[in-house]
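Got a structure here, written out as structure tokens. Questions coming.
The first chain written gets the first letter, and so on, giving A, B and C; residue counts start at 1 in each chain.
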Amino acid sequence: MNAPAYNFAYLDEQTKRMIRRAILKAVAIPGYQVPFASREMPMPYGWGTGGVQVTAAILGPDDVLKVIDQGSDDTTNAISIRKFFAKTAGVATTTATTEATVIQTRHRIPEAPLHAGQVLVYQVPIPEPLRFLEPRETETRRMHALAEYGLMHVKLYEDIARFGHIATSYAYPVKVNARYVMDPSPTPKFDNPKMGNCPALQLFGAGREKRIYAIPPHTTVVSLDFEDHPFTPYRFDAPCALCGAGDAYLDEIVTDDNGSRMFVCSDTDYCESRQAAGHRGSESAAPHKERAHG
Amino acid sequence: MSVMIEMTGAEKTFTMHLQGGVRLPVVRGVTFQVKAGECVVLSGPSGAGKSSILKMIFGNYRCDGGRIGIRHEGAMIDLANAEPRDILSVRRATIGYVSQFLRAIPRVPTIDVVAEPLIVTGTSRADARQQAGHLLRRLNIPERLWALPPSTFSGGEQQRVNIARGFISDHPVLLLDEPTASLDAANREVVVDLIDEKKNAGVAIVAIVHDDEIRRWIADRVVDVTAFAAAA
Amino acid sequence: MADVQRETQCDQPLLVAEGLSKSYGRLAACRDVSFTLYPGEVLAIVGESGSGKTTLLQMLSAQLASSAGHVSYRMRDGVLRDLNSLGEAERRFLFRTDWGYVRQDPAQGLRMAFSAGANVGERLMAVGWSHYGRIRDAASSWLERVEIDTARIDDAPRTYSGGMRQRLQIARNLVTEPRLVFMDEPTGGLDVSVQARLLDLMRNLVSELGLAAIVVTHDLAVARLLSHRVMVMKGGEVIETGLTDQVLDDPHEPYTQLLVSSILPP
């Protein structure tokens, strides 16, 4: 038996055309959720089918693909998806952010600044920022159409009333191009500033919910806040334990069963590049822990 | 002196649908005038329709025929055919009414019950309360009662509160239904004085009083309502 | 302090209903209702269940399309507009700012899972208020006005009693200083003493704020306490209308006489 031959990037050309039309519409209306006919993919919902469909629709033979999951190139998901496209499209793949032309990501924006010509494809679980405040789809569509976003501020008000500050730490809602309120996908709010005025094209795909939305390059993206409680990006207390970066988003890594942990860059490519360039961190955040070997 | 009230051929009949549509004619062909500064007393036996006529002038009872002319803001308006909105306007600015029994909104303190007519026409609450207190004092309602709702007062006290509320504004027309009925001699005198002051100020008054002495003191004219008895 | 502008506004009708009708197939839920409401006037619509009063209220507040007839509302710029001619965005905006709608069940008119402060502040945030401190202060002052302990501003209405929830609903509706408030059986289902307190509050607020209101109720005592005018409805039609004291003291129609005689005297 011969192995089945796949169309380039798995999807048939008609489907890609349909998705591209949706993408064009999304780019024309920044932040607006465009419905699309999401296809059955060889992975179940919740595993990035939206992102995979968008990537499949835009990939060309000369593209260089990078796939990250929570900032890392070497998690199971990232590896699976990268292999999927290597097999069905035969495109070159990379872990280096600066070398990629298409970057598919789950829940993080790379630390290295993006440049014109790159496309960042986000995997989105729930595209509707108002979903948990207003369960009716008919109502949320109207609210977007009429720009009635008071309810979004109600949620932020409630946070401040309860916690003293806006407690949303990821999927922090933003207003795109001064018109639509959008859910940036569950990226940490730390990443929000990167979305504004970005030279790269940002595309968002939600497979189960069947929506695509986009932020064209150099579009204003403002995180929602109050005048007297302005949006402040998260600041970490200490730099990365491996490379010493003070401006990157850090993951907590538990190092043994005694509760020791260290904080290292979530963006593995960024961390490795810095280490390769000679930057070093303290290797451990816990003062009383013995130095780790290796 | 200008005519303030002019009733022409007014009539009223009650139809009691719950009692098989029994018709109760009350009055017919009611015709009389009241001029500014004049006090007309309606006389007649109980049930002759005196209170009904007062209520018709106030717009509380609707009129089945005829005309009830009231001078309101310089012009005569026919209350029998007026829009509800206009009747409200007349009550606010022109006609005051002291009913036979006090009907106050529950839970409102006496001082506010009395001050209400002034506040509605624009007086500040503080000024209105001050004037209310002044009147209440004259009518011998002690200050310790002013913060209480009048529902627990005696009949005489309630009637005095009612009078205070009716007399506090400067409406050019006043309707009084048995204003001295439950009062002792001292308070009756106070009310007679109040009525005199109103007359001197040019207010047209229509009153119902059973007491002959009071009638002699206040009436400029007496109108016998048996003349308007409707045929049964 | 009746200022000149308010006087002129008072001369012009605020809401005009002409020949409003609603039928469901052959069933006429509401037939040919017409009236004019002026600023600061309170109109009670009285009738028993099935009289068509709630249908009428829904048509007046543009929540239900009429089968025939028009409703016109004078906007803040003084222009009388047919509600059907308003775009959806305009109608929704009107509903959130210039109008209030108090429902019988406060749980339907509140966001039960959000704090009282958020409930009251929502309309403000919807019209663009973006300063947390000021929103909170406005919410707090309104809670005070409806006699809710301001210490409970962060509690959700789930923790409130029925009377408190209803007062919160009122605050939520009045925060944008609407000129017209629709109320559907606002005291229904509440204890008698709670009802009394609520009616007092409503009466004071209506007169302080110069609100016009349309109150649907089956309770004549509520009508007597709150309204200047009353319309009695039966079988979808208005069978009697006039000043409240007129209709209640001198009822003409058989049905009205029946209603009035059914009230227990105090």
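Keep in mind that, in the parts below, contacts are C-beta pairs under 8 Å (C-beta built on N, C-alpha and C of every residue); 3 or more make two chains touch, one makes a residue touch a chain.
It should be emphasised that the depicted structure is a prediction, and the values quoted were computed from it without experimental measurement.
The central chain here, found by comparing per-chain C-alpha centres with the mean of all protein C-alpha atoms, is C.
Across the assembly, the mean Cα position most removed from that of chain A is the one of B. Once the centre of each chain is set as its mean CA position, chain B and chain C turn out to be 32 Å apart.
Centroids of chain A and chain B (each the mean of its C-alpha atoms) stand 79 Å apart.
Between the Cα centres of chain A and chain C there is a gap of 47 Å.
By the touch criterion given at the top, residues 15-18, 55, 59-62, 84-85, 87-88, 105-107, 122, 124 of chain B touch chain C in their complex. Those residues of chain C that touch chain A in the shared complex are 88-89, 92, 111, 114-115, 117-118, 121-123, 125-127, 130-133, 135-136, 153-154.
Chain A meets chain C in the complex at residues 142, 146, 148-151, 153-154, 157-158, 160-162, 226-229.
By the touch criterion stated above, chain C contacts chain B in their complex at residues 1-2, 38, 41, 196, 200, 203, 225, 228-229, 242-243, 245-246, 249-250, 252-254, 257-258, 261.
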